[in-house]
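Contents: one structure, followed by commentary.
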């Protein structure tokens, strides 16, 4: 790409900048304070308490902080599955496509389900189960979903409850990839709380990297069986940072007040403005979303104009004349960038 | 442990504090600058260039930044070895003892060699090779060493040259775990340069976490075969951070001048003062070291006094009355802490 | 199932009976002769020589005998692939469906291609490659095909040559699962020889289990790089039988004359009679095959009649009134069984 | 080795010949009988019932037949252990030395205990457990023993009871490798029954290969948790033979009467004669054994004489003039071979 200074706006992803200033400030302020290593420090303890508070008293969830999403996925799924068990996921799933076979590398097949909107239903999962009759095939055991999905859509509470009921019926577990759970929970239609996630999934993770942290994801284990000795798994896969404090400081900063939610709300608000503006100009979208990812379908000549000034992905070619873009906003997106983009869209 | 404020000195490890202030300053200064993700940012490019400069022009090494030591070890050894190949290591090796079976989890046996000083020799390795006669046993392929070793000792250039000659003779590879390579290279007797490491090992890593960074290790691949597609391996094992910039910024700060070496020199200097002071009082050491780890043998009553004011590990019980401690210094150790410790030692 | 004595014919698979009598005779005759273990016996040496003879002098292939197909697949693919590499296969592939995730259990993703006839083409493979852009996705390295395929179809020499040319162009390897290679090579249209297979694949295996042996598959490694230390891989995966002689005796019996081909020819002949008979009655087939597997589409009431007297699989329901069956013949199928079936088909 | 006809006796191992004639007879007799595949045949059902009968009514063990010992070990231990768990074994253990890292290849570290007689005690295991303090090290979970051990010694009932009590106390499991369990159970001092093994281990396997079968080991799962879906594990690791009947026929032949025990008794008897004869000549043994393996210490010149006429291993060099041999007898060892050997020993 060109020197980033030459762009008027960045919609390419939600991890282009560093951390929210509040995090850097806290890192700097606490820097000289000696702490125990490997996540036994006071900051990590506080971070875990803040997150548990959100999960509600009913639940006895356990929280572990790791460096990234693939690390979270491979460590947790590696513990959830016996050698011959598999995970069912939408074909767009990050674990199925964009983690370089990390789940297979810890020994497990992913059974994928075709999907347009990135979501999967009990009915679709049942079809997969029915095909898996005996020991000549893997035994599907975990349902993997993400919220927001890879295409920016979100699950409703009802959908998640239906998945939970189905999973219980089938003796399956649910794992939710929350790389963008912040944005999901701050969409206008969202009716899911962290308490719901604790009640309705066996495990999920709260994405820090894409919502203002330098790095870090918080794995939440709700199923007690998964909690046993989980630190061993984190250590074995290379996820236990010696200076665990760096994760503790970030997550305690994000969750001691409502910074985590504010940052996601800002990203969504920027996306809303973009969405409305693009709509107003008469363009349609590949998928309808309310979160910080948008997939507008634009004509080629216009895209070429925009590419000179803004950074974004071309997501999917549609015929000869149109392409669906992916625009992503974040805590760091400035209103000026959004307005400039819309102005240039109007031409 | 008690509230850390109640201690007069911290000799428990070299990762108790945050980062060197220069690093935090740089993180803060560059924070809003948008950059590409996954290590394709300008900071990471610069960091790699600075490190390559040290390796010398003759070598065509490749550099990859990852989050931690276990991550570096399991990713690199996972690529160096075919399924049936093993790694030979001293029995004290971090991979053999303190990584929760991470190397076995990627499929490989570790053949261990008993050692007092943490080092291994061609003669000892040959004995292992001679026991491994045919396909009923693993095929040892990589020699794992660390510098400094787990007990703070260091390899000389001659020792490393002998290992290299032996490895070449046997068709083996050498991997050097450099979690504390900074301290090793700043010891008084050290005669190894980074150019030597590039010439004498197939791969090694430069530890950032234990020498002033918040996190991060720089894997250096000298053997060209290992370089091919290595980013795939990093991604698959969960080591490719979305905001790779955080590693890039840290390593470019450490290596654009000589900060990396200054920090290690300071740690060693503090260790030297401790060592001389302890010596002067007539105490001996479990192992003779010149690096930032010391293993003084002290009488129990004295240790109990010191434990009230200083944080350190009891390393090894020796008879009923004595114990060898492990004292570790770092870039963050203050001279006052060291002096206070020595005063309290004198009683 | 009922007592097998109550059936008039067995078309359920090609591994219902024991071994061809010639094999049992040889096992009995050589029984008391002491031999070295683990495949270093004289029978195994002879078997390997007989097979190499068929591969032609130009090739320097290596042969290894193992107990079963999954064992052959997981051992060989485990050696062909680096941790982050994947294998491309038709979605019907045995490794993709019916090996309980054996390939994933040795760490590798399978990228599947939709197919009606069980075969895949360079064009389809290219599409998969084009989707795999960078290190966020696995690196497809091996093309897996089977001959006959899971649905009884066969590759022509031209098709295999095209795959080879494509693989060379892309730096890929070809692995051919030959569980039913005997039947494939004895079909009327077949124009492939073992010399061709040696020239056109990097590795393949010759199925014994489904062509008259008690157990056993012969892995043929044509690519020299794969040959190095392959016995280590066989041993590690549990495929090196202490009494390797049992495999050696069987394969030398099958290949010292043309028994292997005779048995396959018989199976195909029985299938031909069935095929023509079914055709004559006006029924069609789900897939057109020339090998020992047939997929006739029959009306439900007729199937129910046939099920009382013959053993076979219902393969695929087609609407409310019809189902495609799978009929399999073998070296052990008797002409009387086939004629009886056709008579009962005519009603 | 020379042509085997040139030897007067074979003491090199217990798998040099084919199968006991009774087994070949049964294979031949049942050969044309069609049966279901993959171990669902009637012979396998019978074999399992015969073995369960020996285990006693109190136990609800499950039996699975697989092709070899490494296959049995890697499949069963792979199911017993979570990713971060390890198995404790004597340093002489087959899994630790002679299975080419098969256990590591399914992801697990083996913690070895030094031993002279091939056996391990609760006290030794406790020492290993005490070293494993936290999540930086693996979590030892399974105790691996073999009976007979690698050096031909045997566990008493009392020793096994003590291990069981210890394992229960520590929340550990016991796995017994019974490659030579037949010989162990027919030694004169043996006081262990199959009922005891069912009661005192979580899993064990009964070796067929080294006691008269062509191939095959019977895995016995006593711990109910291990039983769940075990066939999936067998299939995934390549251990489920299509013609499972070959294993069923062999084990039903060995266990429907007392053939299994007769064969082991014969092997032991031959060993007894050898042992007494060697003793009578004034030679000593490296280890005292009662089973089918002997380790006499002989002077070099005598060994060189014997090597011309008999096949055996040199086990361990002792000083300049002596070497301990390994002599192994089997169901196929003839009294004449033994007598000839003793005569030649007397010179």
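Which chain is which? They are A, B, C and D, in the order written, and residues in each are numbered from 1.
One rule holds in what follows: a contact is a pair of C-beta atoms (placed from the backbone, for glycine too) under 8 Å apart; a residue touches a chain by one contact, two chains touch by 3 or more.
Note that the structure is predicted; figures quoted are calculated from it, not measured.
Asks: C-D versus A-C: which interface comes out with more C-beta contact pairs?
Replies: Greater number of contacting C-beta pairs: C-D.
Asks: Which chain has its C-alpha centroid at the greatest distance from the C-alpha centroid of subunit C?
Replies: The chain lying farthest from subunit C is B.
Asks: In whole angstrom, how far does the Cα centroid of subunit A sit from the Cα centroid of subunit C?
Replies: 43
Asks: From the C-alpha centre of subunit B to that of subunit C, how far is it in Å?
Replies: 51
Asks: So, what's the distance in Å between the C-alpha centres of subunit D and subunit C?
Replies: So the centre of subunit C lies 33 Å away from the centre of subunit D.
Asks: Multi-chain contacts in subunit B: which residues touch at least two other chains?
Replies: Residues 83-84, 99-101, 105, 107, 135-136, 138, 232, 235-236, 240.
Asks: Show me the residue ranges of subunit B that touch subunit C in the complex, using the header's touch definition.
Replies: 38, 78-79, 82-84, 106-107, 135-136, 138-139, 229, 231-236, 240
Asks: Give every residue of subunit D touching subunit B within the complex, in rising order.
Replies: 83-84, 86, 97-101, 104-105, 107-110, 135-138
Asks: Which subunit D residues qualify as touching subunit C in the complex?
Replies: So the residues of subunit D in touch with subunit C come to 1, 4, 7, 10, 13, 15-19, 21, 24, 27-28, 30-37, 67-71, 73-75, 99-102, 105-106, 209-210, 214-215, 232, 235-243, 245-246, 311, 332.
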